[in-house]
């Protein structure tokens, strides 16, 4: 259920202490010729919907701007600073806390957001230790990607506009993919890419970090469904903690 | 056209110095029993679309969280601080500037955002005097509302979940209005409401600041179409300035 | 009575929970050829004195620097940022709160300060909900000005160095007015003046936004005395709230 | 001449690159039974006037709130943080710089302001190395005080509401001194007073750090006139530097 | 060579554009019964010395306080915020830049610092794109650890006071290890440990995340020498870039 | 005893409410041809050790970067801003407070740090009035220096790389002094040096503010031992206060 599609009169009845309230966080960012700038917004939102469906969760409106350091110079990319993102997460969490929410689930469709999400979660934790905050980006995606990837081995952390991310899109938002424009453009990543600030124009012109043509909905299904299972488990763990804390109080 | 539905390859071709790039800014806020929490998001987004249609503009993803001081204690309301909003506007504007945008149009569906939008616009202006930034909330809506309002005279600045705002929704997003739940609940505004911090629970339980049952799509049409005309004029004025600045350079 | 003319030994006896402690806030800003840069300081201070006289208030030293965006490039104008002003208001309010003050009245002689005053008041309210803070700029002056204005209709919000403000000065501080230098220079305000950052050199050279020669002390008297009445009412309303809160505690 | 008593039309003609523009900075602070809370404002302002008279300077409106850590818990004291004061000094200096001022003289009547004034001056210097900023609190007053003090030796840095400061007031603002209320209350300063945060209620009830009854206008005259001489010398030194920089440019 | 052991007269001669200036960053943090709180300081400093020896580098004094969220509640742990650390890195980098340094190498002995180091590096990069900044924590240590680890498989990212880190200490600072106090205390890490703020007292009492008794100097040697090789390569890559940039300029 | 040389298991046993926990704060700063950049670090650390020896204190790792405005342009100098230093002091103090420390002793080897140390101490005091924080730079060194100085009278506050500071080094860290390189270079300090931002290159090339050749270990001994005595007294005073507060609670 969508949080903001409810009226003020309806929402109060929906919120219990174990209701997961889910904030999808995306980005406006270059994703090659075959994917839209809003790719991470679409993924985060639909992934959040899937979680909500299974756990009676409430999905907040997607935060559509993210931290985009690496691709900030590519056409169409827009970037927020970590400071601003941390503060947004914190202030939204504060508002939810006041309304009785105790399980706040941050779902990012963009790896670059994870520093801000983790820091925002910690800031909330330090102020409200009784609110559980999860910060999630496809749990274990790197390892699982190896199960399905046909292209050459990619970078150990970056998944971007490639066989893997395009597969996620084909499964969750295929109407926004133009597979006929998909290209293979695996970059040779310089050794220092992980150790020094390096905008990605240093090693790619397309922003496609792999072989997008190898993407399939089936690969996407495997990755989405497997990672979703972990998300549900995580939510159950936190719900248990909340219930126990309630009983103790 | 939607900015973020384009690919990185497509967007560059769309941006000229006079292209209006439009950011709808809304809020998640209590709007009585008949309107959803996302009312201001829906209005801002569709209003922005209307502008874009007429002026070959590009509409950015809606910023769905706003500054909600007055109703922050109502169920479902979420609020960002002015500081955070100003910084978001500034950082998005900075990103657009780097990509050649010179006409940045902020469209708010929520009056509470206007301080942040004006301050964000000034901050951008002081750094980039050659970028034109408009900050717009239904130009002259107060005066125009008097032309159509049947209910008793309302507050001189607040328009919220009432005959007027419900009419806007009936014209732009009627599928999100539950008119059978609409109520009349015009508050008696205390004299000091404009002069001291006063959360609205001091004078309303419903958050409906007027007679929502009197709303009609026709009233909404008048208000939207009349204010839109001013928006288009404003955009033309700024486009002229940009062109003149170009010629001088 | 002047707050700071008291000794530390005397002041404590003066402060009760319903004593209005009044902070005049002005600006150093261009006001045409016939008015001094300190016009808004003089007005704020004398207006505050008038309130204090009638309500046994204590007047703090005037904050003589204000937020001056629009005229910042005119000779003699000095501007503080909103951030700095908000913080000043907040810190002064904090100090007063510690000393038992519960009614803090902000009187501005300059419209540009009102964003900071409102935000500062909100910040104090969120921390100390039991302190009443009023933020006042001549209540309803725009509407009342229409009652006396002989010049052509002016802008709906700006009152600056014109028939109206000069009248205020002739009534409250005539020894600082050089009427022989007064000029008429009503600007044609561009349509976008309210919707985009626009320093006033875009439409005026003199900073006189109207017909200063039409000013009279009588017009000033009407505006000052009428708006003062509202101020006194506002103070009484807040004093009642404080008394009720006391009784409940 | 008073800066803000000029009109915008007049001020421009007054400002040359060597004109000292003088900002008096005071405080609202407990000063015992015989001196008003505004003592430091009166002293700073009149001292600044004396400088302006001799050097064709322009005196800005006094900043009447200062950093008051030590006496913040005494009735009537109000305190700004160093951060806020530094920012105020910086922003006022920025405004002056834009208008061609190159000699900005900060005159404090309150020792507690000196950290903020020095830091504000450094911040301006780092941005505008061609603007000279002086931060002055009665040059060498400690040493000179020993020449006239009849009371027992006081603390090596604190001068507050005592024989010395009361003498300054008797010379510069005698109409604000109630000598019949003056008392002698020299505190025994704990050894750690200079080495740990210690509000002054730890060692004084009156805030009179000495023998106020020994104050005379003659002592004040000696201290004011001698320190003023140094101020004039300092201004001349900076004026020389400005002239030389001009010649080189 | 130690940067700060040089005199001001000597240091200038040491700095060329390709000289690596190395900042070791550690932490004061609980490391079980057999390792001192300063473990990460010792490791960072000696690791930095090794790099300096091979590349004619200059080692700055170790920054001995780090970001310690996870163990902040353990006896002896001290934590700085990311904001403060980022600012420190940035300000030190700024100072080095002014003195002609173009290769700034951040060596952390503590994983928790890496967010701040990466952000600090990015902040420097955005201001000074011609300064190369490396942010290094034992390159590939996780993968390499698998080559030598005899204990049960540990967490995929945490290396703390365990077989691995104790081995590093036995190789680099054995005089600070009390192996007779070493214990085995591998925790069962909860599934949500990576996805929600979780201070480590939730799963360990000792802070030893593994089997410290299995540590040997040989394992340490392998890990240190192998990761050092990568460091040297990284430095050479950046030196090449600096040389090429010089040639182009 | 060194705080960070303890293990987490050992440290808890060491901390009582009256244990002085001592933070040496130094700087990396030009000190002429005969002293290393780390002079103030060496002095602060060894001075702290001496205090700890006599009062069962715990010495934290030295903060090796300080606020270096005056010499920031000299080779090898590195400077942190006051804001960053204040925040570091505050955060370290917060961590100590959580662990039961109630006596936090800041020992600076560098005068330029004292503003930050005093402000950091005040910030801690305002949050935790029951923690005693001392901020110490060789108590009364200026006066005592006059007892031993053979060179011409120096500046009344600056002690830098001269007869005095070199003597301190000869007594506490003689192995880091190269007396054969010591020079005499007493500057003529301009009258305005104390009243306007003035980097020291304005009056010295060597950074030696006096006659370093006159330094002796005996002079250093007198200054160190005499000032140390005051430190011990200060610590005892604070310990008494803590004990009394304990008894009252």
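As written, the chain order gives the labels A, B, C, D, E and F, with residue 1 at the start of each chain.
Just so it is clear, contacts are C-beta pairs under 8 Å (C-beta built on N, C-alpha and C of every residue); 3 or more make two chains touch, one makes a residue touch a chain.
Predicted model, so just to flag it, every value in this text is computed and none were measured.
Traced through touching neighbours, the fewest hops from chain C to chain F number 2. Chains that touch both chain D and chain F: there are none.
Annotation: E-F is the more contact-rich of the chain pairs B-C and E-F, by number of C-beta pairs in contact.
Taken over every residue number at the interface, the positions common to chain C and chain D amount to over half, indicating a same-residue contact. Separation between the centroids of chain B and chain D, computed from CA atoms only, is 49 Å. Chain E and chain F, compared by their mean Cα positions, are separated by 28 Å. Rounded to whole angstrom units, the spacing between the C-alpha centres of chain C and chain E is 56.
In chain B, the residues that reach two or more other chains under the touch definition are 83. Here the chains make one closed ring, and walking it from chain D through chain F gives D, F, E, A, B, C. Of all residues in chain A, those touching chain B in their complex are 2-9, 11-12, 15, 28, 30-38, 41, 60-65, 72-81, 83-84, 87-88, 91-92, 95-96, 98-99, 176, 178, 181, 207. Those residues of chain D that touch chain F in the complex are listed here as 69, 82-83, 115, 118-119, 121-122, 124-126, 132-136, 139, 190-192, 195-197, 230, 233-234, 237-238.
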